[in-house]
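Presented below are the structures under discussion, each in the form of structure tokens.
Shared chain: chain A. Partners: chain B in the first complex, chain C in the second.
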Partner chain A sequence: MKALFGRSESLVAIALLVAMVVIGAINPAFFGLSNLFSLARSNVIVGIMALGVLTVMISGGIDVSFPAFAVAAMYLTLRLMLAADWQGILGPFALASAMGLAFGLVNASLVHGLRMIPLIVTLGTGALVRGALLGLVGTSQINIDHMPPGLIHFGSAELFAVRDASGAHIGLSAMILIYLALAALVHLVLGKTLLGRGVYAYGDDREAARRLGFDQRRIVFFVYGLAGALAGFAGLLHASMIWLANPRDFVGLELDVIAAVVLGGASIFGGRGSVPGTMLGVFLLVMISNSLILMHIPTTWQRVVVGLIVIVATAATSFRDRRRAQGGA
Partner chain B sequence: MTEALIALLGVSKRFGGVQALAGVSLTLAAGEIHCLAGENGSGKSTLIKIIAGVESPDAGEITLAGERLSRLDPKGAIARGIQVIYQDFSLFPSLSVAENLALPSRIAGARGRGRRFGFSAGESYAIARAAIARLGIDLPLAAEVGTLATGERQLVAIARALVSAPRLLIMDEPTTALTGREIERLFAVVRELRAQGLSILFVSHKIREMFAISERITVLRNGLVVAEGEVAAFDEASLARAMIGEDLAEEPYRWPDAAPSVTPRLVLSGFSVPGEIEALDLAVFPGEIVGVAGLLGGGRTELALALFGFRPHYRGEVRLDGVRARLSSVAAAVAAGIAYVPEDRLTEGLFLAQSIDRNLLAASLARWRRWLLLDLARAEESAAVMRAEMAINTPDGARPVATLSGGNQQRVMIGRWLLRRARLLILNGPTVGVDIGSKAGLHRRIRALAEKGLAVLMISDDLPELVQNCNRVVMLHRGRLAGTFAAPALSEEGLAEQLRALV
Partner chain C sequence: MAGMIAKARGFAPHTRGLALLILVIFAVMSFLVPDKFLRPYNFISLSFVAPELGLLSLAMMVTMMSGGIDLSVIGAANLAAILAGLFFHAVGGAHGPALSGLSLPLVAGGFAIALAVGILAGVLNGILIGWARITPILATIGSGQIFTGLALVLTGGPAIVGFPEYWNFIGNGTLAGLAVPLWIFLAASLAIAIVLARSEFGISLALIGTNLKAAVYAGLFVRRTIFLSYVGSGVLAAIAGIILSGRTNAAKSDYGISYLLQAVLIAVLGGTDPAGGRASVLGIVLALAALMLLASGMQLLRLSNFLVDATWGAFLLASIALNLWRSRR
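Here is the complex of A and B:
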């Protein structure tokens, strides 16, 4: 059935190509270098978060708290940097990831220790963290003139740049390298380590995994911890890339990310999903919602598009799983 | 006796208010097939879980190949050579056969000899190939387990257990989902494994299987060992008595022939369903229990489904108490007084998470309607009366129906239809998965209902069940009536012979 796995990914790839052709036909500007570079750049933040959500979903759980964790890790780290006049890159990113990790482990201990339902747990912790951030730390944006210059410099790094006919600067953000490296890492962990295969097994049949001696606690702490850490990292990266830290950022982002992961073939019931599929799903979602302007559709319709994608993708995966089940018995 | 591989001494376990095991001792020699017998709820499952390290005992100790342990964990049990094949197989449907086979040994390996985190596909294929070679079978290693048939899945489960070269293999009711031929193959595999030196703990409540496969038997009842010994020391009656704690009276059902004036409850004339049933004529009188025998696919279940309104395009005539009925939908069949209890009550009948009372009342809610609202007080009262009448073993009706044993769940299903005032009760495999004690109780209950005037159609594979409970058995083959056996001439041998003659 490896072929089927391959097929559900190639299905997304085909949908991606079709969408590209359609959008390009409506507006040839789509294939312009500047648009393509900006698309690639838009994949980075959603994509990194999606890697964590994918892992949680394979384990049979769900996480809607990560946008709150991302914004909290980003804003707290930056406020600390400003207060302490701390100029660093690695350090702040490590701190933001650690904060995300800590939040994620809170999710994990509630899910594992108290046997609570992941959706409710993460709804709760997400609201809590977001609310506490605004209430205790502040609501004011950190603008470009206050942002640590080191981070801005880092976030603006480019792989290469060209000048178009009018002489405008078009660069490909180097941040996609970070995204690709993290994706490769998660792919490796999920596919080639015992812990990763344990995540699949746990999502497939929790009781069976327990009977075989899988360490359930380690699996639960790993998936929610990873989702939190990736969110924290992505949060700070986001601020570095847009030169702005807004404590009200990322509202509603969980829907986009979950939509992208489901679009990439992951099952909400656990046991299924892959990094390449998720990356394709992220690309398709980001591309469609970013191209509405190119297609002369008002951006106010963006949420409608995302909602439609969630429903269509979920219907497609549940159709696939039903077909598979019938093929069995 | 050779040296004991595993010895349990005075093992006890409590769950809340229930003493699941009370000082159980069990000894298993190397290379022995030992049968752990007992009814559902006797403590068998708890004992298995303790040996497998999934549950830890409150008291007692386990001696495993000379090593004394007060408790085990799943990894520790596996590392010491204990493997359990659970009733549900505990496989991972989304993973490949090869991964299913290789994962458990890698988990066990990840503990002792230098932890390794990597897990490669090539390695899992090598492990998997070795495992199926030992069983002498062939399995598609790259296939996802979710796409395999039940028999193949069980082979995967057995092969997986063998990967870690176990010394003790525990099989929890392994024959439940298997056909006769698959059971034979399983027994052959079990004997082969014993010949390779494995000890096997075979858990069952099916008496004939125990005699067919085991060398020693330990019988559990209510968490206590009530009998233990060589298989030769038991016979079917003494084993049954040990399991249920009382003798089973086995007197056949007698139905006084109805007076000629009585209207039959059900009359089928020229009843046909295209491709399934051909021109069937059948009459069932009130108070009769009519058995329906035959091979799978011969028209037994098809007849039940057609009568319950699942085949709206049937031809021919159906009369209930002399009145012509049109069974065009389930609702129409129910309105005509027909009730159907399917074979798989867990997936087709019961609302498992809902309470016993709600399940009882599910079909008859319209009876309690008063204007727009339901008279819940009266409904609950009726449910309580029905619980008593069906002798459902529960302290109250608010518990989830999933907490009941198979026999009691079946009583809930029947009670539900009695509350709906069913006149014809169709039972499909009424005691599949029900242990012998409650089986006898269930049979008594069905007979009592028939004696009060209910008409019953009993579809079953279990010939003794048909012979003991039916005053008449009809045999269906290829959708046609292939024979009728009435009470005095009704015998297991006669039915078996006729069944063999089919095909």
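Here is the complex of A and C:
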């Protein structure tokens, strides 16, 4: 098991290094500090959401509703902050995560209670939440003039900053620390707790997991709840980082996040996938889509590239899983 | 044979339920907005708008029969219309009488191009799912990204406006008093109903969806059948794209995105089991009628389109619950 994870992760790592060398050879500006810092920053939101989707996929499910949950948690929290003149950081983030969690638990109860295909359930809840948000709450953006200053201040925190030759400010966003901390936490939970091992067991073989005494209900509620909570958290973090809350944001983001998770070696059939692999997958996907301009490729090609990544990565995992099955493991 | 008889019995209450749903929606809307809802114009305009969604729902149904799904239908439909549009602009100029008065053989050429796109899209999906054994969800998410991405690359973003008159007749014309799109949809529904009930392909497809392992051991051509179902789905998507572009006189890479959820919803509400094996063309037609009546009523009530989308999400979840309740009885 361990050797296998190691192998698929090292494959992604090699692909990542090769891609870096190629992009850097085409345009040396890639290795500029400002590009590398902005790349690191672009990992944060996709990465945090990917941790949730990874957990769902290890359990053998899929979630396409989390971008709607993220945008709803973000927008509702901010509207509440503005209405109540609420200044704070920890409180709002806790609230956004709690809203995401609540949405995720709705998914879980439908998936577990109705035993329905997760794709259909999450298509439904995603459309419901997004439609209700835009139809009942509003469609207007909250721009920088109205964004709570505390959140903007928090979102613009930097680990350190340098000045380049022309004197321009180049800073490394401190938000990557939050991403790394959450990744470490999910990694520990998945690897070291009974609940986390249960997620793997449940995804690998439901019947076996049941006979081993894993509480299926708890596992399903955990994975969809975690995906929702992480999405809610990431939604508010996104608004704090770009100083703007747009209730129409994140449309189609589920495809990028799922692509990254699959690229990181997770299998939609469940039982396989790891946090380090997913982080590498996120990095590779974000890097390739962000570097198209550097490689002198029109950005209109971005969707084609993401589509190709999904297909190549799933074909590779499918091939790997079949070889493993044939190997009698 | 016994299975088919049992199935036919199983369908009857479902069909009755859908007919009842149509009656309820009809009665409620007639009560709420009698003058506008009951105008003949309302139903005539529905007979032009509904068929493209109906064709996409049939495509979804055909792929769900084997336990799969086709999430690339919107991308394939738009790409087909865009390539035909580019062909027309290449031979007839970007606007003016030369384009609108394009000869019938050239318009037929555009038709062939659009259908070829649909077939190729289906072939790609069929190869990925049948032979590379990628899960249908991820394969069609990836291929859908590629189709949409290619459409974006080809157009650069803006819509292709201006189609020949013969082409627009497919979307706007009337034949023997009925909308041409409606004729196409009815013909496609009838053809699919016959193929599914009477042909070797249709019966194999249902058996594969019911029990894949048994189908393999029974010596059915599993791969070929699954492959053909995705080709069929691609062709249906291309026809939907032709109607959509003919009706609106334009084609764009992001037209009809909300159709995806609606097509899944109509398929499920129409009695298709997303886990495979069970589907009903009559159910699709009735579910389409119910939802189109509901949508037009909600629009006449001046409810926002977002709330209509939210209602679709709620309906999808409700129909899942209903299916479950029915199967448990």
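Just so we're on the same page, the second predicted complex is superposed on the first by the 327 of 329 C-alpha atoms of A that agree within 3 Å, B and C clash if a C-alpha of one lies under 4 Å from a C-alpha of the other, contacts with A are read in each partner's own complex, and residues count from 1 in each chain.
The rule is short, and it goes like this: contacts are C-beta pairs under 8 Å (C-beta built on N, C-alpha and C of every residue); 3 or more make two chains touch, one makes a residue touch a chain.
Remember, predicted model here, so these are calculated numbers, not experimental data.
Participant: Applying the document's definition of touch, where does A:211 land relative to chain B and chain C: first, second, both, or neither?
Facilitator: After superposing on A, A:211 lies in contact with chain B but is clear of chain C.
Participant: Once the shared chain is lined up, is A:298 touching chain B (first), chain C (second), both, or neither of them?
Facilitator: second
Participant: Regarding the shared-chain residue A:79, is it in contact with chain B (first), chain C (second), both, or neither?
Facilitator: neither
Participant: Considering only touches as defined above, state whether A:272 meets chain B (first), chain C (second), both or neither.
Facilitator: First partner only, chain B.
Participant: Determine, under the contact definition given at the top, whether A:196 touches first (chain B), second (chain C), both, or neither.
Facilitator: first
Participant: Now for A:320: first (chain B), second (chain C), both, or neither, which partner does it touch?
Facilitator: A:320 sits against neither chain B nor chain C.
Participant: Any idea whether chain B or chain C touches more of chain A?
Facilitator: Residues of chain A touched, chain B against chain C: more for C.
Participant: Which of the residues in chain A end up touching chain B in this complex?
Facilitator: My answer: residues 1-2, 4, 192-198, 200-201, 203-205, 207-214, 271-272, 324-325, 327-329.
Participant: Which chain C residues qualify as touching chain A in the complex?
Facilitator: Touching chain A: residues 69, 128, 132-135, 137-139, 141-150, 152-153, 156-157, 261, 264-265, 268, 274-275, 303-314, 316-317, 320-321, 324 of chain C.
Participant: Show me the residue ranges of chain A that touch chain C in the complex, using the header's touch definition.
Facilitator: Within the complex, chain A touches chain C at residues 62, 110, 114-117, 119-121, 123-136, 139, 255, 258-259, 262, 268-269, 298, 300-311, 314-315, 318-319, 322.
Participant: Quick check: in the complex, which residue numbers of chain B touch chain A?
Facilitator: 52, 54, 73-75, 78, 84, 86, 88-96, 99, 103-104, 106-108, 110, 116-120, 142-144, 146-150
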